Amino acid sequence: MSKINFDLSRPINIIVAGRAGIDLNTIDISCAFKDNRGYTKTVGGSPANIVQGLAKLGVKVGFIGKISDNGMGEYIKETFEDANVDTNGIVFDKTGAPNCVAITFIKTPVDCGSFFYRNGTADLLLEPSEISQDYIKNAAAVLLSGTAFSQSPSREAMFTIIEYAKMYKTKVIIDIDYRPFGWKSPEETAIYYNLALASCDIIIGNREEFNAVEYLTMRDNRDNDKSAKALLNSNASLVIIKDGEKGSIAFTKDKEPIRCGIIKTKALKTFGSGDAFAAGLLYGLFNDMELIDAMKFGSACGSMALKTVSCADGLPKYKQVISYMTENKFLD
Amino acid sequence: MSKINFDLSRPINIIVAGRAGIDLNTIDISCAFKDNRGYTKTVGGSPANIVQGLAKLGVKVGFIGKISDNGMGEYIKETFEDANVDTNGIVFDKTGAPNCVAITFIKTPVDCGSFFYRNGTADLLLEPSEISQDYIKNAAAVLLSGTAFSQSPSREAMFTIIEYAKMYKTKVIIDIDYRPFGWKSPEETAIYYNLALASCDIIIGNREEFNAVEYLTMRDNRDNDKSAKALLNSNASLVIIKDGEKGSIAFTKDKEPIRCGIIKTKALKTFGSGDAFAAGLLYGLFNDMELIDAMKFGSACGSMALKTVSCADGLPKYKQVISYMTENKFLD
Amino acid sequence: MSKINFDLSRPINIIVAGRAGIDLNTIDISCAFKDNRGYTKTVGGSPANIVQGLAKLGVKVGFIGKISDNGMGEYIKETFEDANVDTNGIVFDKTGAPNCVAITFIKTPVDCGSFFYRNGTADLLLEPSEISQDYIKNAAAVLLSGTAFSQSPSREAMFTIIEYAKMYKTKVIIDIDYRPFGWKSPEETAIYYNLALASCDIIIGNREEFNAVEYLTMRDNRDNDKSAKALLNSNASLVIIKDGEKGSIAFTKDKEPIRCGIIKTKALKTFGSGDAFAAGLLYGLFNDMELIDAMKFGSACGSMALKTVSCADGLPKYKQVISYMTENKFLD
Amino acid sequence: MSKINFDLSRPINIIVAGRAGIDLNTIDISCAFKDNRGYTKTVGGSPANIVQGLAKLGVKVGFIGKISDNGMGEYIKETFEDANVDTNGIVFDKTGAPNCVAITFIKTPVDCGSFFYRNGTADLLLEPSEISQDYIKNAAAVLLSGTAFSQSPSREAMFTIIEYAKMYKTKVIIDIDYRPFGWKSPEETAIYYNLALASCDIIIGNREEFNAVEYLTMRDNRDNDKSAKALLNSNASLVIIKDGEKGSIAFTKDKEPIRCGIIKTKALKTFGSGDAFAAGLLYGLFNDMELIDAMKFGSACGSMALKTVSCADGLPKYKQVISYMTENKFLD
């Protein structure tokens, strides 16, 4: 493979599936929760970040997910609509479930993260019967967030998307997005990731995430080549392994691995950078860039995203990325 | 009864039991969630408001509850310690459960409230075995929040407190604090409220809450006298029925009901006012005020609490209450 | 109290509430499960045994419980109807839940018991809303099986019966019937038994069962007098403590405890004997016997029940009890 | 494919995985539950029937499953050991879960079946971490019962077996064994059957079961050829569709479908016949029979199994099958 073959004649380039929540972004940085004075709000959650990033770059995107039937859900839907994200795949929960929320803290650029509210939330209640075959048929690709496989019935809704994608030759992309919360055991995690990955065309994750995937079958492997080979021998045609400050590596069936460095910057926090990378990378792939160029574009997006307190605000527009790439140098 | 007989020789006047959570208080008012720009944070939840209110008035208080074992929990504990709330009855959850959170909105002073995050939270995981007999023995009274009876094992922890309180003649006070969320059915609600109220000395609630209590036994009753009489015939010696703008009524075994009006004020929101009332009322009872004076003191506190965005910030100090009562008139 | 005052003008003398299941009675005795050749079937479960025993003695009885909506449930209902047990309080489960089943084994008269199938069974799904006020109103007494308090919503259905019984002055009798299965912790067990016992007129149990009741409040107590006094000081007017081969003791408010011995017999098994005792004792109380005579009558029934493989078959008729009492001697 | 290539040098020919329970076999036939006088007991459950059938025919078999840690479990294990079923893959449950039980009824040869006790039973609690890689490695094939995919963690244990089987080139056989009980929705059923079948070499089921498999992807299909082709195009090399009185059809990748008739007999009941067929068919495949001959052998076993009250007793020995085939004619 040199390039992935997306059917861009379909009305939607890519549908992102998974959670869309509220990020409550700390106003104060360099302090613990107790010393924060307050929060601003944006729409967040890894899949929501990716879809907002893609939309900002001009990709034709849709979203599949379940949101709360209250002011929070309305805010998410309106935010997506304002950002040109197609919301026909969004379902309002009717059981009274709350929406997921992440309350962020940034003690240092490294010791940062979120208090997550994901217990019994609307996103995990998406049902297989709420997935529309036609919606999947109308998209060139779907991107599934691995976290959406962590609990039923969201897990089964994701496998339903995969079944429909196979029926209509919609490409399947997964961002492994592994977070221990919500999974019952490392065995369970490995099983469902393996079942999902066996049907994916493009797989994106970091080393820790591939370790989780390989827990049952290659528990001691830490070798990226070996991880990628196993997946390329199965169904995948592109495996991207992210390695933080060292950049990322792309594995394809018939070529040598391609390495891409990063643009070093003064980071405010680390979370959200991977989502911006994925958005940029996919923008490149949808716009016929060479793989290395798409990776560089994604890498620039990821670098830019390190510089804002909120994830959503860190997602750049095309011109901003080009300027940033002109003004800064890639480290190998 | 003219006055309740508290054993004030015990080291703690009153232990409040139930949830202590994070209030994320809307910065903007008169707008929907989507238009809010941000939030400040305080420690909230009805029992946490009451205990903070009592502490601010100088009552010797303790708290029983379970909080998350992370920055949020630490913030709650430190806030209580700084406020002179004894925290020896507080337990850190070891299962990774999040702390409860309420994200407030104030569209109008009447259309206001919170997005609650109470699903699987630490407060509801308090176990009967985590209740210390000695702690209950050392207090003149315990105040139980009715919401803590909504789910197991918190429900059983509350009944354990009641058992120990009976053993040591610690007075039992309940704030009915009925919220439909968390309860499975109106029958279940009525059953456990009845079982709890049968052992309470002082009962505080509004008409809607008494309706919930009476769902099985007097479903059509809307008569405060009848409600109070049933409880006074059982175990209670004081029943307070709150009636919003109309003030409150106190029922005792052998005297005529006592009515207390309110101090009218321009309200910013309504929630939290009842907690301030309870704190003020109990302050009065612990400080040997006549019942009508304690009610007036509580009523002034409730009025003052209507004027701030956050509940915690609306809880007054003694001198502030006295000034407020001097400067304003009670409506009957 | 010398005699309990039942309102025998009501159409039903006593309603028994709890589980009615299938007993699969081992054909072979003196062997382990693996060597049994087969089973016969009867209707069993402690409350079903008691109600069948009462009916056989001629008491006007009804039953409250939920049974499976299949051939098993139909068999139970028909068996009750054939035995003159009023079945208007029986509800068929509509969720597809199976009926409870006990598969018995008798290795020795002492090492005997059952494999219980009680997980998610119909009896535990009885809802508070399925309890009829009028049905309770029409009975002189209700007998609640303690096991029915072990899980929701059956637990709440039992408390609903208690509320209605109080409204209509229907006497409340409890057979503690404590089995660890189904309860989450000894604290939970103690809490709900205490809440239930606080409203009971007659309480029947053995020493181990009273230990479970007293786990929170008198954990080290093994003194029957102390146990009985605590309950008689609350609401009970009769407490019966069974002591196996040593017979039983009856405690009342104002008289000395009454001891009743047993009729020694060659036992085939031990289970079911307590149910026959309860049926006989209550027969006596409903038929104006002196307490000691009712106890003797119950004790004879319990002795007779030791001699059959199945519980149901061991329940005697009045004339059989009288003959048995004439032919055999009580040991003190 | 003409023949499946099993590695018969491995110590075990085939491991069967799934539930092993107690069948309580009605003594009386032609009557409803209420009129049955009693029951005999055998070890049953579809996978237990298959493994006992294979063992009786002399195949080297093992079993993977979880059983109750009491007399029932011991009876199952001893029965297996006596029948030459290797029990090294059997795990005793340590949570106190009961063993699954089926209580059979035979009103007519057609209106017959079981009361199932499968709620929270030991078999469904098998954990992925309890599956031994080495055990799978030492077998030429594994046969998975589809019902074991219906609930977690048994579902994940089955997928773990599949992962290990792939690692060691152990052939994977599935008996779809679809029973609606235990599954949450037809979508969920279809998803997990599809995920499982995608890794199976041999697939055995009837038309209704293939309908359940195809619920998401070919909901209206009733065409066996189409069903088989879809699976053969994926991973399967042999698909057997059973059609009751019409016999069975075998589909392979490169040959015409092979049809096999039945030996007509006076049936006592219908259940258990499919398990005997599977045992006979696999016996044939392990013993180098031509596919049509293996099918005939299986079909004879299935016919013989119709004639006994219990499933286990209907499983024949090799010589019995040969005699039966000699004495009876196949109908096409």
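Going by the order they are written in, the chains are A, B, C and D; count residues from 1 in each one.
Convention: a contact is a pair of C-beta atoms (placed from the backbone, for glycine too) under 8 Å apart; a residue touches a chain by one contact, two chains touch by 3 or more.
Just so it is clear, the structure is predicted and the values come from calculations on it, not from any experiment.
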item	value
Graph distance between chain B and chain D, where chains that touch are linked	2
Higher-contact pair (C-beta pairs counted), A-B versus B-C	A-B
Of all other chains, the one whose Cα centre sits farthest from chain A	C
Mean-CA-position distance for chain B and chain A (Å)	43
Distance between chain centroids, defined by C-alpha means - chain B, chain C (Å)	41
In chain A, residues with contacts to at least two other chains	none
Residue numbers on chain B that touch chain A, as the complex places them	24, 27, 32-34, 36-41, 70-72, 74-75, 78-79, 96-99, 101, 103, 105, 115-117, 119-121, 181
Touching residues (chain side chain B, partner chain C) in the complex	127-129, 152-153, 156, 159-160, 163-164, 167, 184-185, 187-188, 191, 194-195, 198, 216-217
